[in-house]
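Okay, so subunit A shows up in both of these, paired with subunit B first and subunit C after.
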Partner chain A sequence: MTAAGTHDGALERLKREGRIVVVGASLAGLRAAETMREKGFAGSLTLIGDEPYEPYDRPPLSKQVLLGNAVADHTALPRRRAIDADWRLGVPATGLDMAARRVKLGNGDEVEYDRLLIATGVRARPWPNPEEGALKGVFVLRTRDDAEGLQRALAAGPRRVLVIGAGFTGSEIASACRERGLDVTVAERGDAPLVGALGGVIGAVAAEMHRENGVDLRTGVMVTSLEGDPSGRVRAAHLSDGSTIEAEVVVVSLGAQRNTEWLAGSGLGAGPRGIACDAGCRAFDIRGIVTDDIYVAGDVARSPHALFGYQFLSLEHWGNAVAQADTAAHNMLSESADRRPHLWVPAFWSSQFGVNIKSVGVPPMGTEILITQGSLAERRFAAAYGYQGRLIAAVTFDNCRWLPFYEQQIEATAPFPPEFSTVDRRPDGAKPLPADFPDPSVPTHGPTITLSGYSPADRKMTFTPGR
Partner chain B sequence: MTQALLREIIDYANRANPYPLYEELRKTPVSHDGDGPYVVSTYYEIHSLLHDPRISSDAKNLKATGDDLLGDQSDEEGTTLPPSFLKLDPPDHDRLRRMTNRPFGPPHAPHRVHDMRDELGGLVTGLIDGIVETGQLDRIDLVDQFAYPFPVSVICRLLGIPREDEPRFHVWAETLAASLDPDPDADPTQRGQGSMDARMELGMYLAGLIEERRKNPGDDMLSQLATADGPDGAMTTMEALSTSALLLIAGHETTVNLITNGMLTLLRHPEALERLRNDPDLAVPIVEELLRYEPPVQLLPQRTTLSDIEVAGVTIPKGASVWLMLAAGNRDPKRFENPDRFDPDRKDIQHLGLGSGIHSCFGAPLARQEAQLALSELARRLENPRLLEDPPQYRQNSVLRGPRHLPIACDGIRP
Partner chain C sequence: MRLVVDLNRCQGYAQCAFLAPDVFAMHGDESLLYNPEADPAQREDVLRAVAACPVQAILLEITDEDMANMVTPDAVAGAGSRSGGAR
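Take a look at the complex of A and B:
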């Protein structure tokens, strides 16, 4: 039997005349579509996106666009090649029939597929009180429209901006406000900005950056309510410490929610933490069985990573979306033996208060941190995170050219603390410190699976999405 | 074995085509014997060492080995100038490079290089017109008549060196560039003295100029270095001196060689030259491929290990001298398909020609723009250009490698 004879030609048929549907017309969806065409997929390709725009780039939205240096509608992603797709833009996917292999759309249409790629990403977590969230002057920042609206509000010169949440997006917004000369208050529930992503040692540096740049930073507080004036404009926010902040613009920057609701009841392993998939991007159904024809990529995917104890990681990283889309597209068009795992080492960057921040690995896994180069006080350093005697992540502030080295060390499961000397080692880096991440034992919002039935023959699984 | 191979690479007899020797060298990614340096010749190993904080560029970390014939010639010791940021580690390197970058590149001076385009175009036009005026199109020395004067004028204008002083500069710069060559046959004492004198004279000259610019600053880089007052404070006079000396020397030989190696390669690949003539935009990918295929800086001979580090199965001990063979890495078949092929259409071209990491070429944007302009204009204006000698006569230097003369002929020069 020849190699070609070992399968039934289904893959060749798929490549020639199959139907591939991509739900999610952003970075991951577009890059996957390009890869599929590159790999010779000649069948029909449909891209479904709930926004009316062709795929655009998000990193500039919280930086250049807010500063007024770039226009939101000029952030379209460059195309690597023509993809000859049937675009269904401005229409959300509303349901999935796995058995019939059909995606249902918001306008009542149904699209059939032989292979499905889900890249629906995340959306901004809204203000929990919808009425308060609907006040004029209250924003979130995720989409092009969000950025345009917020940019206009900032350009109007509000007396004060309140940013709720000091993660990366919140910090970048605060930075843009200061650069525009606006008074800004940042309210953060944790003890410091960026503390969830980089821990308390680095968070303290971030806090200094905020304060030195004139941000009114309030940590350890929650915004309990937003108050509007009679015309329905936001005018103030009330904080858990009893204080009130008067602000004309409020930006809710409380992280993201994964766009998986449309899959409720479909039987796919989708929930608030994303869609679980194997290392090859094939989605799991709720029984924990891997599907053959449904793949996931980008922010919405949750996949196990060999380097990090096979933890299921969901990463909201630009580079992850590109790499995972590429792997998913490759695997969708490959025999099982030719499939590749998605082993991208997590990496992200941010730019705030004139400082370039970059990270590799998974800092929140780290329990210890060592400043290996430079100094915290100068805000120019490289720091390594350790976990059970291993180097698990690294972060640099204005020092990113060394990062490839740390990435290599992480890939090689190098020991922590590092055993070597480096250029620019300072007293800061004499010994490891506790990395000081917030207590991870807070309640999670994960979904629940319950088993019911009396015998293995009628055992059923019930899936209850998290709140 | 390694020593013998290194000697061959340094040997002038092999200057015209060291690539077969590099191929031999790559068989052992990290090679070493006796007291010689650890020579790293494969792409991935070089690339990772360029980002490795366990590697120092400061010669002070080098453990003296006494009879190291091929080792670094520390020609700067005992002279009046402190080491430039090229030979420093962070944080000193970072501070000086940052301060130097303020008047040169983004974010503070994003337009500087771009805005020089018209001036560069004028220089190129003037030099080619000058060739027409000689009336001798049957023997043009592309180095003396074009590739050398062009970047030298550019760096002098960038720094704000008075034009009448340019000729003095050529002599100093050439002496100092030559001192980078680890030629085992040269008399080290004599050469050391020559380069020391040149550094001294150059330093005195620049000191005078800096003094003058402090009083009457212009918008040239020397004025800006002399009067810098950013978040990093001001440069000391000595720092401004060694930094401007570095810019001047680095701006000399390297771009000359990029342009000359470029024309030589294009004349050996007439189809690429023809395409460039019809499409000046092709200069962008052509220059990138040239930086891979014939890099002006062939190797970096002045790195040192701060710890014992393992590279490709070899432990390089602390304090060892490490040579990074950029030109060998650029032709590593594990990294590039058909690496010995000059291919202007190559898409995957993350070459080592400008280094990488914190010491990556400071002048890269300027060098690229100069080479793109020079090559596309030469392609456009020279009618039926051809090589008169192949290979041409090379410079002695094995580090900054390029032809000393490039005699060509052409049928005419288009307006």
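Take a look at the complex of A and C:
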């Protein structure tokens, strides 16, 4: 039976003449819009974005663009098809009236919807002291404009660059600086780069990579303040160990914050951890009840995943934005029985110091790690993460062709330590080591996966009823 | 001519870098760097790269503007559209 036959034809009407509004005109927003049109949505489609640009790709910003191999304003995303949308660019959404089904815009306009998709992503966490953060020469890296400004500053040949935070973005920036022959210092609060995302064993490899490439890496320290000269240019940074670093360019790379403030007071379950949704991308309201007409996708979403104990995962991964957008768009135009869950296995890549780093699964969930192939010393290896006797994630350094294999193993909930043995397993891989993640209750600059659900097995949280 | 490579999917086979070296380049052993806005003059090479990528990781959009700016409209004898340079 067709949907129209079993129901009152509301879905058919929606497809024919409904109004769909997408807030956040970037990767997830664009890909969702394309899927909606592919599924035959013929009604009105509005894309709202606070940046003045059409959707563009962010990963090249910290790689090709900083290396000078591509220009920031040449990163517009290719289209899979024409989407015939009403674009509202350069204007933010500032409010949501769920009852009236209306999005309020910064210019006073209001846009009505039958279905809403929220894909507002995250933004760079700014330097905590606004005056210091406003000094000339201080950058963050999230947008095209950020990248253009930073690339210009690097091209000017500063005497030293300071990168604060050695997550993926910070490490990629440091790598680009070294390739351009610039002196760079990296200050990281944790014990090593990438520890939040990949743990201490891999973090130690990353630290070596920095140092061998001439990065002045300082770990276990915090930058306490930035100092400007009389003209308002940054000149130096003061560190918690009492040292001072003179730098003409400072890049604050302290992770990201979810763009959810505009939803405050709307009644939607949106907060600093993102917007909670069900596995079908439908947003929860603040009472924990799933909405029927509001969907979420991309970096701003947090959704439960069956493979990972139904924990809510917030992913800052390109591939997640694409896959979740596709699922959300499909579900927005489907009867409930035809909806699909977003059960994508987390995966991302990074490229730094000429090394290709890739990961699948949820490394921060792992308690143990085993080098299954290659060796850490050669920086060419595959490592598996284990959690309660299960393979939960894998990471490769210059060994990416093996990753699909690990992905299948994770999907099949294969045992850990893995039973298979490989021809190139070295002494590193003789027995599992503690994966050595920092205490999750201490916030870091940004693991790219955040486990934000309450796991009943884990009695670290207490429920505090409001008054 | 815009393009994006799904680097989750890309396995560093370097086929693209071989067929369209002005647009794609390997960086280290297996990282791929590419120019997301390739010159229209690279169209045939890029089409070959798209077709040759063993994991179909390259998404390409050819805009009307590219068509208008083409130096040699449908030249490059025999390369045709998709199937051209697969091997």
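One rule holds in what follows: the second predicted complex is superposed on the first by the 438 of 467 C-alpha atoms of A that agree within 3 Å, B and C clash if a C-alpha of one lies under 4 Å from a C-alpha of the other, contacts with A are read in each partner's own complex, and residues count from 1 in each chain.
Quick note on the criterion: contacts are C-beta pairs under 8 Å (C-beta built on N, C-alpha and C of every residue); 3 or more make two chains touch, one makes a residue touch a chain.
Quantities reported herein were computed from a predicted structural model and do not represent experimental measurements.
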Touched partner set for A:T75, first subunit B, second subunit C, both or neither: second
Superposition-derived comparison: subunit B or subunit C, residues of subunit A touched: C
A:W87 touches, of subunit B and subunit C: first, second, both or neither? neither
Partner chain in contact with A:Y53 - subunit B first, subunit C second, else both or neither: neither
Which superposed partner A:A382 touches (first subunit B, second subunit C, both, neither): first
Partner chain(s) touched by A:R401 [first = subunit B, second = subunit C, both, neither]: both
Partner chain in contact with A:V355 - subunit B first, subunit C second, else both or neither: second
First, second, both or neither for A:F312, with subunit B first and subunit C second: neither
Common interface positions of subunit A, toward subunit B and toward subunit C: 380, 401
In the complex, subunit C residues that touch subunit A: 2-4, 6-8, 10-12, 25, 27-31, 33-37, 59-61
Residue numbers on subunit A that touch subunit B, as the complex places them: 372-374, 378, 380, 382, 401-405, 408, 419-424
Residues of subunit B that touch subunit A when the two form their complex: 47-48, 51-56, 89-91, 94, 306-309, 318, 357-358, 360
For the subunit A and subunit C complex, residues of the former touching the latter: 57, 59-60, 63-64, 67, 69-71, 74-80, 318-319, 322, 347-349, 351, 353-356, 358, 380, 398, 400-401
